[in-house]
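In order of appearance the chains are A, B and C, and numbering begins at 1 in each one.
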Amino acid sequence: MIEIRDLKKKYPSGQEALKGVNLEVHNNEVIALIGPSGAGKSTLIRCINRLVEPTSGQVLIDGKDITSLNTSELRKQRKKIGMIFQEYALVDRLTVMENVLSGRLGYTGFWKSLFRKFPSEDISKAYALLERVGLSDYVDSRADQLSGGQRQRVGIARALMQDPTLLLVDEPTASLDPKTSRQVMRLIIELVQEHKLACIINIHDVILAKQFAQRIIGLQAGQVVYEGKSDDLDTNVLTKIYGEEDWNVKKKDSNSDDSEEDDAQDIFSLGEK
Amino acid sequence: MPLVKKNDVLEWKRRTPRQTLTRFILLLVAIVAVLVSWSFISAETTWEFVKDAPRQIQDFLSRMFPPDIKYFGKILPALWDTITISVFGTGIAVVLSFFLAILAAKNTSPHPAVRLVVLTIIVASRSVNSMIWAMILVQLVGPGLFASILAIAVRSLGMVSKLFYEAIEEIDKEPIEAITATGASKLQIFVYGYLPQLLPTFIGTAVYRWENNIRESTIIGIVGGGGIGLLLNSAINLLAWNKVLSVLMSILATVVFAEYVSARVRKALS
Amino acid sequence: METQKTWKKKPRIKNVFLRYGLLVLILAYLIIAGSEINIDPARIAKGWSRMGSLFSGFFHPDFSSRGKYIVIGVFESLTMTILSSLLSTFLSIPIALGSSRNLVPKWVYLICRTLLMLIRSFHAVVMGIIFVIMFGYGPFAGVITLMLNSIGFIGKLLAEDIENISSEQIEAIKATGANWFQVVAYGVWPQISTRFIGLSIYRADISFRQSTVIGIVGAGGIGTVLNTAMNRYDYNTAGAILLVIIVLVLVTEYISSNVRRRIV
């Protein structure tokens, strides 16, 4: 259970990325954060594991306030929070196996990790995960030799290596083609269900959000402007989140002369097939 | 390339009048600088020596051949010392640069004040030639291999650190974020996030620097002591030109060998 | 399928003997060579006592008592740099063209490349020693040294650029029936001129740095003055000269990188 209370973030440049966000995520729940670029989605997600230090407010995970932790307590907490990135964020020159094992760094001592001496449970877990994401043949390949979809699978395996209770996912599909995007999203959701995780997904793609998340949070200019079940997401809501003008631009793109409602319906039905 | 109006006729000119003027002034400055330099240097030159040079060169060349083969018995130990100077000088510089670069790079430096101090050290080390460092170090530790090694190390320190810290500043930040997010400690983040990205650049820089240092090591001994440079100097002072040729030949061979090794290693890295 | 429980990073060198053999060889070299480095604690202790006066010299630089020589030395270094850069700029073009495989017959290429390799293998100071014997002490030997060194530098890098230029443009010019010089002037030169100017300026910057050391072997420049000061244990003057060198090197580096940026 994650509770975010009045979370604010102001960057040194003066930009106010978050202006008091309140949010709850329950166990086993997948929520999607949608909103225009620059709405603060990435900042919000990074405030949860403090890759970005919040300016004020609280992030409570199972009642414990993340924002008040000292460095070593924070590291302990981070172990339990897996993260998946837009550009995969793999270490290119390390092998797939090393990248996956790096998910265990929080659990492993410095010297052991330096000489790649991970416990055998970790190794067999890594093999199992790599098999689960379909990369058994690439264990000793270097990460930069893989395709985008494969790289993201490595990223997923790395996040799950941490035995997380919460999964933060930042634009997992923005660098992938539509087909691979759906495969990757499906994989993430399956794994989240298998491991009974809470999951927050930042996502640009409204269709994918609607299809894969149970609940949708709309963020705009650093504030939550919508919160509701994914089935309730309609054009009015999108207008609210993305703004009238933006939404109209989107509509024109879909080269249809029908009414707003029908047009939007079209987009959504795509996602439900 | 503008069209210029002249006597009511459009004429194609390569440059505008203004460009022509700037070029003219620059040219004038250059000519004056060259003339001044020439008259200055010519005044400082003993022209009798220069006029005599062609005959002298002929004389040297005739006395260079055949090279003194026996002298190689002395050359080989000196070459060994030269290589020692380059290897240890480069090694010390690379190890220290590793830490200096971490302190100097914007994204890893612990404090702006530390960064400023380290950057000053880097600049000072880079701007002074290793020969000059050798002159200073000889007074501190006495002539010998040690002084020469230190001189090479001090000079390379700035050169290598600069390339190292630039590499650290250009690092891809996403993997660092990802490793941080796993709950890794600072050292683990460095080993898993930074090091794999940096190592190829570091090794390439080190090897390239070593190749340069071999050349420097052939002469550093003249001031610092040790190595082939000392031998060359004494052979020339004795006007033993056949020995000079042997020394030059061995320097050539060493440098070509070093270039080959360095090229091979850098190719293997890419 | 039973999942594996062990994993080892694949070693970079697969052959076990080669891998450990190399390691042993390197270690053996380091130990043998390292043991030959004589570190004489007594001498260093003596040197450390000098450290104080050395440092105080650098922090209390004396510009005045040998000021005249410093000014002459700096002027000499500058004029040596200017003259040698000018000469090498002109002389490096023919040797660069001759060292480009795509422009000249093989025998010309081999001769020019060998020449370049010879020049490049010898440090400026080695050349300095020889030219001082030939032309006598003073900046003339320095100019020749710096010039040859620059030719080696510009020649090699320029030749690499010429070998990498687009052959289509050359063929187009050749197709018009142009002779070799016209091909170079219209097909090659436009493609490398910017880079050539950049290289020349960069090299002038390096030449200035070298001009500060070849004086140590008598080839003129500020190095001569520094050498004298150090030999006399006149650390205050040496400190002043070092400061002058550092400042001038930084200034020339700044100018050179700015000019190069403007050109590109």
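The definition used in the following text is that a residue touches a chain if its C-beta (ideal position, glycine included) is under 8 Å from a C-beta of that chain, and two chains touch if they have at least 3 such contacts.
Note that the structure is a prediction, hence the values are computed from the model and not measured.
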| item | value |
| --- | --- |
| Identity of the chain that, by mean CA position, is farthest from chain B | A |
| Interface with the most contact pairs, given as the two chains involved | B-C |
| Chain closest to the middle, measuring from C-alpha centroids that were averaged per chain | B |
| CA centroid of chain A to CA centroid of chain B, Å | 49 |
| Averaged-CA centre spacing for the pair chain C and chain B, given as whole angstrom | 6 |
| Distance between chain centroids, defined by C-alpha means - chain A, chain C (Å) | 52 |
| Per-residue multi-chain contacts in chain A, two or more chains | 98 |
| Touching residues on chain A, where the partner in the complex is chain C | 95, 97-98, 101, 116, 118, 120, 123-124, 126-128, 131, 139-140 |
| Touch list for chain C against partner chain B, complex | 29-30, 33-34, 36-40, 43-44, 46-48, 50-51, 54, 75-76, 78-80, 82-83, 86, 117-118, 120-123, 125-126, 129-130, 133-140, 143, 209-210, 212-213, 216-217, 220, 223, 226-227, 230, 233, 238, 242, 245-246, 249-250 |
| Interfacial residue positions of chain B with respect to chain C in the complex | 30, 33-34, 36-38, 40-42, 44-46, 49-50, 53, 56-57, 60, 80-81, 83-84, 87-88, 123-124, 127-129, 131-132, 135-136, 139-142, 144-146, 149, 215-216, 218-219, 222-223, 229, 232-233, 236, 244, 248, 251-252, 255-256 |
| Parts of chain A lying in touch with chain B, wherever the complex brings them together | 49, 51, 75-83, 85, 87-94, 98, 102-108, 110, 113-114, 155, 158, 162, 168 |
| Residue ranges of chain B in contact with chain A within the complex | 172, 174-175, 177-185, 187-188, 191-193, 196-197, 199-200 |
